[in-house]
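Note that the chains take the letters A, B, C and D in the order they are written out, and that residue 1 is the start of every chain.
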Amino acid sequence: MEIKIDVPVEPPKELETLFLPIPKDYVEDVYKKDDFLILVGPQHPGSGHMRLIVRVKGDIIQEVIPDPGYVHRSMEKLAENRLYIQNIPLVERPAIMDSANFNLGYVRAIETALDIEVPERAKFIRTILAELCRIGTHLYDAAILAVFLGHTTGFMYPFGIRELICEALARMTGARFTSSFIIPGGVRRDVDERTLRWVYDATFAIERRLKSFERIFIKNPTVIARLREVGVLSKDEAILYGVVGPFLRASGVEYDTRIVEPYEAYEEVTWDIVTADEGDGYARFLVRVNEVSQSLGIIRQCITSMPEGRYVSEQICDDVKGNFFDAYGNLVLPAGEYTTLTEAARGTLLFTIVSDGESNVPYRVRIVTPGWLYLRGFMESLKGERLADLQAIYGSFGYFPPEADR
Amino acid sequence: MKVEKISRSPIAELKRHVDVIQEAFKQALIPDRITIEYPRERRKYPDNLRGFIVLDKSKCISCFRCAQICPANAIQMGFYDNFYPSVDYTKCIFCHFCVESCPTGALSGSNLHDMAFKSLEDMKVKTTQMMRLPTIIREDKQTVEYFVTKREWRLVRRKELEDLSVLRIIPKIKPKRAFCEEPESCLGCRQCMEVCPHDAIVMERCEVTLEGEVVGKGCILKVTEKCVGCGLCVRQCPMKILTLKEVE
Amino acid sequence: MINEIIATLIEIFSSNSMQIPLIQPLVDYLMEIPLLNILVALILWRPFFAVVIMPGLIVLMLYLLYIVWFERKLTARIQWRVGPLEVARPIRGAIQALADGLRYFFQEAIVHRDAHRPYFVQLPILAFIPILLPIAFIPAGNAVGIKTPYAIQLIVAFLALIPITIIAIGWASNNRFAFVGSVREALMYVAYEIPFIIAVISMIYLYGSGDPYVAVEKQSLLPGAILNPIAFLVFLITMLMATSRLPFEIPEADQEIAFGPFVEYSGMLFGLVMVLAYEKLYIMALLFVILFLGGWNGIYCDLLGDLNAPLWLFIKTIVVISILAIVRSMYARYRIDQTLRYSFSWLIAFSIVALVVGVVAGWIV
Amino acid sequence: MQEWQFVVPEKKHKKKFFGNLKTEVIDAKLCCHCAACAAICPVYGITAGDKPIDFPNWVKDCVDCGACIKVCPRWEYKPLNGIGNYVEAISAKSRRFRGQDGAMVSEITATALEMGLVEKAIFVSRDEDWRTKVITIREPSQLYDRKVTGTKYCYADSIPALKEAILSSKAVAFVGTPCMVSAVRKMQKSFKKFERVKLVIGLFCTENFYHHQLSEFLLKHKGVDLMKATKTDIKKGKFIVRFIDGSRISFPVKELEEIIPSGCKVCQDFSAIESDVSVGSVGSESGFSTVLVRTEIAKAIVDKIKEKGTAEIKEPDLGAVQKLCDYKIKIHPYPPKKKEEKGEKG
């Protein structure tokens, strides 16, 4: 029932000085209706670098208005002033843990432009890298979800396991992450047999550690109580709001770019799409947890069926070492527009490169990151939940502002 | 593949509680600790780890490739007896594009990944400092490595210290030489001559006064034996008539 | 004149002083020295000893140092980490809490513009009164501050005051999150207080009196935990809720509302409000030990004499708290509505069952 | 060991070569502002644009290579005049494009592109204010833009764009005024790379203007705002400006005397004698343009046009062209008359 307060409630002054992306009369309307505006973020233990303007009535969230762009780095504009090859470290930066997938999308756009045929071995190595980064991102998101639920152990375990991923990346590429390892035409260096064996064993070690993580966090009754039937997105809603990636699959839609238009070695390996029906926070979490095991399977298959051969296409150069500048320094794409779809860890990632055919820098680079795509669904799923569920849903979506803001 | 349903029966609920408590106490008694106490024990990293960049001055042909490929604009070419790179570690992102670009293997990466600088000025590492690894103060008494098998993942601590090696790979590249493919359209601007760091391109039969005026007519540009194939003249030539050709 | 006063004071003190054979020679030697003997006599005076030394203030401080460090160490151990180590490395960073306290002490305590300044500053200090008052009533064998047959009821009553101060803190610091936190604290207060009191009442029924001595003496054979396990369980859970520990760390949910009522505090004031929950836990654990674990019953050591009882009480308390500390790294945080539902359905039902059991057991015993 | 030779031209003064150019051409009011020197300058120091050719502190920056002198059409200037020799003369009107008159420039370029004779063509487009800007045509569809076709009576830096084009592609077509055409020919003589310019289309030209002077003059004296203009034209000694609303204003070219650049005052080449094919409105009725085909490649293109029938062909009246050539010789004497010089001096 509605409780009327006769006391005139004035909206506080600071709301005007905060440059909120909402009109002034909205704030007045909120205070007239004796709702409550809570500004979560951009610097808040329970939010990424994004301000969420939460309108609550009692404990129930009426509406959430996002204020993204706090970590906007104008990546697309920066990309217009650099050589094509120099953009590779740049496009990795939006999602640090997910660097290989971003790198892959950009590089594939260049390859479609120059129609380079990538050798098989390079494809397999790329697939391993992409899947390692996918696991790393899922673990990272699980950790963030855990700490949002106040479960510090659940925060530490995935980061501990992620250390092994970083080690594997370091052994393969030479950097713990943002390893600008994927270049047009292949990869920068060949990966020897010992490292591959090590990664193969590491996958099992990761699985063992995930068991104890499952006991203490995934199947934790309090976690289940917090996440189940929270932030439900039905199948139609998820499609309507353009949710992508695991979060779309959690609502029962079998869509995965790796299946729809397979790009690297994903045709050679066998794996299946993980889906769930509930579409609630717990389903979103479980889908990603199961995807981790799928990715581990993919990595093992890739390593066991790793073909021999070149690691970089002979159209570029016979050996990257030493020829890097001559091969890529003055790369000019034929005029046109080249788009690639990649399944990044958090969903569909779109790269578009527009080239004018003359200059050695891109005319336009368009990056549409998954975070930006499912932000709307995230906001919609918050309506009608309790204030404490804000963080639970946030974690269940694994929203990553730097990725969305680019 | 669907994710499996979680049963809501109180029995299963209780079992999960028991699992949690069991796991917690197990870890409390025998923890699977993986923390590395960093300054005292150093982690073993692979040799190809991208770390501090080391320059071999004798090999460097000052071709400016590293400075031009650097995505972060961190490399500047300073002049000593010739042009040599110097890395600004406030900007460097350790992508090692420069190392990959170096045609003679003068630049090479080391697996020294933890550098401390006293001030921002020190982070602009000079060429002289780049020629060897910086002075290292070792606090570490032992080396740690992640030992991974199919069954387990643990830390192995070994007493001997890890040696911070420099991974030197000399790329297999045929020596190149500047070559003029269309002499008829040479402007005679002598840009190639001026940009050449090794004075490999010389001009004959007409002299240039101090004001830079050319006296005489019908000059000859010459690529001498000194050319190391850095390709600067190729990039400089306004008519794009120079190329690099492999010498056999 | 003065000498007579001192003489009478020493007379009063030593008439009712702790008898500890272990240090008796030292005490005798010190009693010879003038002006020092009155100090020794005062320290050994039972009420003073109970309130100030053990289980009183000094031990409380030691306990605070211990529990903050131990909790962090244990959590780190479970989480594959090392935990606080660099402060006093030889003793594994045991004085980390002291270092933190020092940092808080020298940190600037900011009182922001919109806060109600006097209350904002006073309330953290006022909050200590309901913490310290129960200590005067908690007996440890012969060492007791104020001896009364209604000690347990009084302790419960004083404990009930603490949430009010926390709510007032939330009001004083005029902040959205503090507001939400105080409301949650109020709701939690209602949620845990009723089962908690019912559980205590059931034990009082069981022992037939609110007198700790009677309770402890009745547990000489069987501890109360076995006499009334349901009350034991309810008391344990309500203890977690009352001291806002995980999984019921709802009022100051760090990630949701950023420490709730204490969001605006900094420096020394934050240090004060941070240890509130721990001190509350200490008092409740003392009560818990007295009610369920047979208080100061234990193997009697002749050398220690009167010191036996406080020591046993303290050891049991520390053990209980140390075991409770593990919960922090096991569970995530429940939601406020879930907690209320549990407590108003299950906990109250349990506590009523516990009351019945207590009445029956009390009638039998 | 490899060596090659280049020629350093003769110096007239004891200066760097741009100094020579400055004294001999620019200060002697012979510069026709074709921007060939700006294009060829290896240090990119020579600046063209909508102002006289200049090289800020050339004394220091000029590398003294003499390329600018090699390409300058007015260095040791011998004016060409008359119609020049041609293999065929037609008057045609394009069926596809709409241009100044017959849009034959666009037609020829489009045909050349379709035949694959050239990869790209350097055209001059304009903005709202009739400022010229150079664009590169890659496929004929770009020529449907009315901004691209149609005459602009202002200088444009076509030749710098031409140089960039030849560095990147093998065969280029070029459209320009007679002075530009002769500049391109001179470049081709000096530097082999410029032989990649396969097709040079010359335009009939009496004189050309600086944009700022022209727009300022029109605004001051005629109250004409070029922003609203859709077409400018010179017909029968009259300067005609058409507007969006269909109205038109016209006045004799004589009035433009004061803003005619000095370089044009000594130019007698009306019909772009050195070009492959010259196009202009003179000598045809309105809506048609005269095409003077001079070389084989142009002939091939015109034959292709005929066979495809993308333009309707008529007989031109070459007398009119001849008349204008003589007229230009009359009004632009070389060397300039004494009294004019006096007038300029005074």
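In this text, a residue touches a chain if its C-beta (ideal position, glycine included) is under 8 Å from a C-beta of that chain, and two chains touch if they have at least 3 such contacts.
Here the structure is a predicted model, which is why all the values come from computation and not from measurement.
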Winner on C-beta contact pairs when A-C is weighed against B-C: A-C
Most distant chain from chain A, judged by the mean position of its C-alpha atoms: D
Computed distance of Cα centres, chain D from chain C, in Å: 97
Euclidean distance of C-alpha centroids - chain A vs chain C, Å: 46
Rounded Å distance between chain B and chain C, as computed from the means of their C-alpha atoms: 60
Geometric centre distance via CA averages, chain D-chain B, whole Å: 51
Chain D residues counted as touching two or more neighbouring chains: none
For chain C, residues contacting two or more additional chains: 78-81, 329-331
Chain A, residues touching no fewer than two other chains: 153, 160, 216, 220
Touching residues (chain side chain A, partner chain B) in the complex: 82-83, 85-90, 153, 160, 163-164, 167, 170-171, 174-175, 178-180, 188-189, 195, 198, 201-202, 204-206, 208-209, 212, 215-216, 219-221, 224, 228, 272-277, 282-283, 286-287, 290, 294, 319-326, 328-329
In the complex, chain B residues that touch chain A: 1-3, 6, 13, 16-17, 19-20, 22-24, 27, 32, 34, 45-46, 48-50, 65, 68-72, 93-97, 100-105, 109, 146, 148-153, 169, 171-173, 231
Residue ranges of chain A in contact with chain C within the complex: 36-39, 44-46, 59, 146-154, 156-157, 160, 216-217, 220, 222-223, 225-226, 386-391
Residues of chain B that touch chain C when the two form their complex: 20-21, 24-25, 27-28, 31-35, 37
Chain D contact footprint on chain B (complex, rising order): 179-180, 182-191, 194, 204, 206, 208, 211-214, 216-225, 238-241
